[in-house]
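Two complexes are shown next, each including chain A; its partner changes from chain B in the first to chain C in the second.
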Partner chain A sequence: MKKSEICVIISIVIFIFSLAYITSLGGLGYLPPVDVRKLAQIYLASTYNPYQPTNTSSGYESVTAIIWDFRGLDTFFETAVFYGAIIASVAIYRGVEISSKKKSIGMSPIAKTVTRLSLILIPIVAASIAFHGHLTPGGGFQAGSVATVVIVLSIMVFGLRRLVQKGVTKPKILLLRSLGLIGIGLTAIGLVLAGLVIGVNAYIFQNQAKAMAEISYPMWIDDVLFGGSLLFFNIFEFVAVMAGFTLVLMLFSIEEEEVKKVIK
Partner chain B sequence: MTRKTLASIPAAILSFVIYLFYTGSLGLFDVITGAIVAVIIGLLVGNIVVENPGKALSIRRGFLMLIYIIWYFLVAETKAHIDVIKRALHPKMPLNPAIIKVPYNVSTDYAMTLIANSITNTPGTVVVDLDYENKYFFVHWLDAKTSDPLKAREIISSKFEEFAKKIFD
Partner chain C sequence: MELPTLVASVIVVSLYVNLGIALYGIFARPSLVKKLLAITILSDTANAFAVLVGYRWPRTGTPQPPVLMNTTNYNESIKYYIEHAVDPLPQALVLTAIVIGLAVTLFIAFVIIQYYRLYGTVNVRKTATSSR
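Entry: the complex of A and B
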């Protein structure tokens, strides 16, 4: 090893250590406290709090509680923006048909057989993530993304045309996507509608009972933690995200020749 | 019951077991949601995944599969690993690579895939291509002992094929 190389290594080591030392002394700005911060304490205390029924969010998972309860409206608009983007993609590809008459080539029979088994495995994992969104890390968006892997695999291994022949068509996926979004919307205003019927006050995006609005989604059914509105949000988001990604992936897999026939 | 509905039964059972296994819990919530998901998945993909419902529900075949898995991962894999480790560490590195045509004689896709994946998963042999019509694998073999297809099958895949035939055919 040359002398200059040794010098370079030593100076890098000295640089890293001095930077670490300065950072640990607070020389590069405010140091976050070692203990749990105030804001986090508030979230943790109100995510699952059986002693204060008006200050709880019906699940064990703080992240899901924040996403679908504390800031549910934000997440709703995020989902709506995502939906808008997908509608835009569909609009760009309007009139482009996925021809299902020609036979798909696909990959070798070995890959096809193995992928057939993952048609069971991957959706099951996705569904478990969606249904346990209020209990363990995960939730609707993550589950939807996992489920999309099946579509990626199917398009690669079986071919897009085969997928369409098996009934995975654009209108069906669009319908599924819309059902997911409608479900999210209905869950958001569910308690308001129920309140109108039985004549009590309720808010949109309300999950558990509040001081002036004493109806809530079921937090417990028997002794099973049900998750209130979180469970419904996660399931509908799962459906919406899965259908949205599927639709875009299918559109992007259409051959250029087919697209160019319509869009010149 | 039509074949399609029948086919969804083994698919649903498999789904339910995998759901509980992945969730890692046997609570009431998990069993109920698992059952719902299993029925939906079973109905959706049952007739794609399952070729013959009767075979898929056979306990004898499932038991054979279990024996095969234990034998394959404990015996076949270990043998192949030791052989490749020996070759890699040997000072002369005795390799004699070749791509050999290996015939197979099973009728279902699942059995064929089990043989192919068994060959690939053991170190030293890899299925690189497949002649589906004439039932041949093209196997890359690290130490090609023979170039005769039938003898190669005897050495590489006869035991896998025996099991695959009993489990899936």
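Entry: the complex of A and C
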């Protein structure tokens, strides 16, 4: 082992012991905390509050309420960063095409049959997570990640070429990804556009009516809690995340020979 | 020491050890793949730490996830909810951090694969020596 490596290890050990010592002196306060901060209490109290319709996010799930209502603009830009990373990955692979002419081999018929069943069940679970994101733990991010399992399974069991032959191509997935992001953008300015038409004020990322902006996404439909804009955001985010991960995983699975033709 | 405090302390110490392993991987290992793994460990440690900071052990009863489960008697339900639910803000931050972290990790993995294709190695020291 080199001297520099030993120095790094000793420095890290001293750093870790210092952190542990500060913690033992109460640097992080009482562990685990008994109370949450005031801000968290406000979030928890305003997640669903039927007595204060101008101060509620119309869902039962506080995390989704924060992500798409209280901090909606942050999440929009975070989604844009995610989109940027995907676009950068696609840019590295520009010019590389997935050949769909060759025959795809795939795994055994047993694996294929079992996977065909899963390919129906997994999207149902994903859709359930997305559609109930404002009621139960879950949401667009989680649903999109679950739905990506379908693509991973398909690539592993049937082969990438088979997926392309079935019409799952790079431009189509990129289009779906863009539609998801456009859907998020439109939901964000939906009430502003509606307000312009009917002549009332509204804010960007507004969910329920506020003072001087008395226009809302539906909170209830019949006796079902609809969640206002949260439901739309979850669905579009589901599409965006699923398409984004699908695209990257497809690029990862391209044969080395195909890539080397372009790089050489 | 009470059991919740003991468990929280063990978790904090293990997160510090994770942090040390991640820093060692980033600073000392020459392989880009190992650096990427170390960055992943670092981000996961930071995420777990954020969730731990938002956790709570209420004075009475047990902690509850930040989901309002009962609205039949709203005033009582919301009072119980505020007194028992954990902080939802770190969970919201971590949720987006995980997804964006995964996308960025995939991008870095792409870059490493391209690096290997161009240089024939993922060892940064070898590359530095050969380019001199």
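Annotations
Operating definition for what follows: the second predicted complex is superposed on the first by the 228 of 264 C-alpha atoms of A that agree within 3 Å, B and C clash if a C-alpha of one lies under 4 Å from a C-alpha of the other, contacts with A are read in each partner's own complex, and residues count from 1 in each chain.
In this section, contacts are C-beta pairs under 8 Å (C-beta built on N, C-alpha and C of every residue); 3 or more make two chains touch, one makes a residue touch a chain.
It should be emphasised that the depicted structure is a prediction, and the values quoted were computed from it without experimental measurement.
Once the two complexes are overlaid on the shared chain, A:224 sits against chain B while remaining clear of chain C.
In the overlay built on the shared chain, the residue A:93 is in contact with chain C alone; chain B does not reach it. The partner of chain A that touches more of its residues, comparing chain B with chain C, is C. Residue contacts after overlaying the shared chain place A:113 against chain B, while chain C stays out of touching range.
Of the two partner chains, neither chain B nor chain C is touched by A:212. By the touch criterion stated above, A:124 is placed in contact with chain B alone, chain C being left untouched. On chain A, the patch touched by chain B and the patch touched by chain C do not overlap at any residue.
On the side of chain A, the complex with chain C involves touching residues 4-5, 8-9, 12-13, 15-16, 19-20, 23, 28, 30-37, 39-41, 43-45, 47-51, 60-63, 65-67, 71, 74-75, 78, 81-82, 85-86, 88-89, 92-93, 135-137, 139, 141-142, 144-145, 241, 244-245, 248, 251-252, 259-260, 263. Taken together, the chain B residues at the contact with chain A in this complex read 11, 14-15, 18-19, 22-23, 27-29, 33-34, 37-38, 41, 45, 48-49, 109-110, 112-113, 116-117, 127, 129-130, 132.
In the complex of the two chains, the chain C residues touching chain A come out as 4-5, 8-9, 12-13, 16-17, 19-20, 23-24, 27-28, 52-59, 65-69, 71, 74, 78, 81-82, 85-89, 91-92, 95-96, 98-100, 102-104, 106-107, 109-111, 114, 117-118.
Residues 108-110, 112-114, 116-117, 119-121, 123-125, 127-128, 131-132, 166, 222-226 of chain A are the ones touching chain B in the complex.
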